[in-house]
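Every chain is named by a letter (A, B and C) in the order it is written, and numbering of its residues begins at 1.
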Amino acid sequence: MATMAQEFSKGILKENPVFRLLLGMCPVLAVTITAINGFGMGIAATFVLLCSNIVVSLIRNVVPARVRIPAYILVIATFVTVTDLVLNAFLPALHAALGIFIPLIVVNCMIMGRAEGFARKNPLGRSIIDALGMGIGFTLALTILGIVREVLGAGTIFGLDITGTAFEPMAVFASPPGAFIALGVLLLIFNVLYKKMGLE
Amino acid sequence: MDLNLGAIIFVAILANNIVLNQFLGVCPYLGVTKRIETSLGMGMAVIFVMTIAAVVTWFIFKFILVPLDLGYLRTIAFILVISSLVQLVEIFLKKTNPTLFRALGIYLPLITTNCAILGVAILNVQMDHNIIQTIVYAIAAAIGFTIALVIMAGIRERLELANISSFLQGAAVTLVTAGIMSLSFMGFAGIMSL
Amino acid sequence: MRDSVRMAVTLLLIGGICGGFLAAVNSWTAPIIAARELAEFQETVGAFFPEVEDIEEEEIDGEEYFICYDDAGNLLGVVGSVRASGYGDDPIRYNLGVDADGTIVGIRVISHTETPGIGTFIEDESWQEDQIVGLSFDDPIAVEQDVDARSGATVTLRGITGSIRRVVDTIGDNFLGFEVETMEIDVAAVDDGTYTGTGTGFKSEVTVEVTVSGGEITEIVILDHDDTQAYWDQAEDETIARILDAQSLEVDAVSGATGSSIGIIEAVFDALN
């Protein structure tokens, strides 16, 4: 049985949802035009993942196996809607920036994947740690990609101009092709890193 | 927008392709495109499910959620409809057309988590389409999806035979290829001035 | 059977709890969201017509127009949420408020990509008050006529001025019952001779010389222009050919070179008017 520390760290490195498991790709590409948007989406998804893992773990012995998928869908969709409403009320700028990808969190395979693959079979404590690890790993990946695209595409990080006039930003990175290419190159870099760390 | 249907079709397939431009349906785009036949299979299944899902969710939104002021239940309602629809389609196909079922079979459960289906359903409602525009947009978007997938599969089948560094293989090279595809599709953007 | 009952009950229970939870969150957030959206909207419309009580929305050519009424049902005016082509990559999005008499009461720029320090005068309230507010449907609303020229910012200025003219026309035509002036001339009634006239092209003034003989336009010569050559070439021969062919100014502009085409048409109208 893995230790709590291992449950937590696996989501960040060994089983990083984006760089290793290739889950939740749509929002990864879409919202990482700026670092803050990537970060915001990561936090939103982590919130949903955490809440859903908690509930799924709590009800795991009560829900008949054959209806568990619809039940999980109900739970996940509820928390996604809560996130949507709360963001719209208190962080309208982020809500507008993330747009359609907030409701699409409900089909983020990472969340259903953890519910079905982990929270369903594990006690509350472990499920929470698992959610936090995965969520942080996801947020990290989103933020890194967001930083790369923002620096290359606009010359800023989190809105702060860091390159000044010395560097002419390449708008392509703020647009769809740049997203694909940037993520592809990042994946390449991480594949090399993982091999070096012996995690292949 | 008061777009005529021709513009909707053109935009959905080329100028604003749901995969290459709107990032909807990227998971199957990366996952299923190793072979052209599997891509075609997935594409067909998506065209089928996306159209029905768009229509059903449109009706539910227009005639149940909005009149009852339950707009905030949109996400839940839509995803429940989509997953039920996929189950029903599976059962229906199994009974009536076993050959088609076997051909599409494995892709159908995968479609529930295909963000393209939910995405297009939401887009139709957000863009305030009427029922005809909804149907046309759903079919066109799904065709655009299929085209993107088939092209990618064609490229990847070739890439299999090429000598690529092991670090690039798999998702990394697929993504870079996708970037180039997306870049070329961007050329269609200027044709229609909205 | 008991299994099915258990499954159904579980799902219904979960559904019920989720639904109740969501309803609670919604009633908490909905007023906040509504208040914010109302504030944003009033920023848009109420800035022009503070007494507005009732608003109707209409879409024309992909742009939104808000028709504003006071509490007695009187028409206060119309706010157009529109776009103009300036110098930048993206269009200038702005709101224009026109009252029931066809007079511009306000303009508010929402977003633009004009060059800082050169094209950003459009956001300047003093420029707006001085140059735009107060112009009305019957005024020319044209650069160098009632809108001062600005050296170094021609494209931006002509872009926004031309757009304002178009929006005032649209509002006057669709909502205020005004008649938009069309460029019609009775060529047969024009005396023989050679006339010169000017019009506004895409980004420069167009001067033409028109020769009329025997009740027909026989020749149109371009004397001067400073539009982008590539677009001008597309427009010049074709537009002149169309006018000569139709012997009227009710001809279509060449698509892809509309600005230059309209410049030529306007100049001929000016010459023969």
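The rule is simple: a residue touches a chain if its C-beta (ideal position, glycine included) is under 8 Å from a C-beta of that chain, and two chains touch if they have at least 3 such contacts.
Quick caveat, the model's predicted, so the values are computed rather than measured.
For chain pairs A-C and B-C, the one joined by more C-beta pairs in contact is A-C.
With centres taken as mean C-alpha coordinates, the chain found closest to the middle of all protein C-alpha atoms is B. Set against the Cα centre of subunit A, the chain with the most distant centre is C.
The geometric centre of subunit A is 22 Å away from that of subunit B, both derived from CA atoms.
Averaging C-alpha coordinates per chain places the centre of subunit A 42 Å away from that of subunit C.
Mean C-alpha position of subunit B lies 36 Å from that of subunit C.
For subunit A, residues touching at least two other chains, in rising order: 70, 74, 77-78, 81, 85. The set of subunit C residues touching two or more other chains comprises 18, 22, 26, 30. Residue positions of subunit B with contacts to 2 or more other chains are 72-73, 76. Residues of subunit A touching subunit C in their complex: 59, 62-64, 66-67, 70-71, 74-75, 77-78, 81-82, 85-86, 88-90, 92. Across the complex, subunit C meets subunit A through its residues 3, 6-7, 10-11, 14-15, 18, 21-22, 25-26, 29-30, 32-33, 36. Contact residues of subunit B toward subunit C in the complex are 1-2, 72-73, 76, 194. Across the interface of their complex, subunit B is touched by residues 22-23, 25-27, 29-30, 69-70, 73-74, 77-78, 80-81, 84-85, 100, 103-104, 106-109, 112, 172, 175-181, 183-185, 187-188, 191-192, 195 of subunit A. Residue ranges of subunit C in contact with subunit B, taken from their complex: 18-19, 22, 26, 30, 59, 62.
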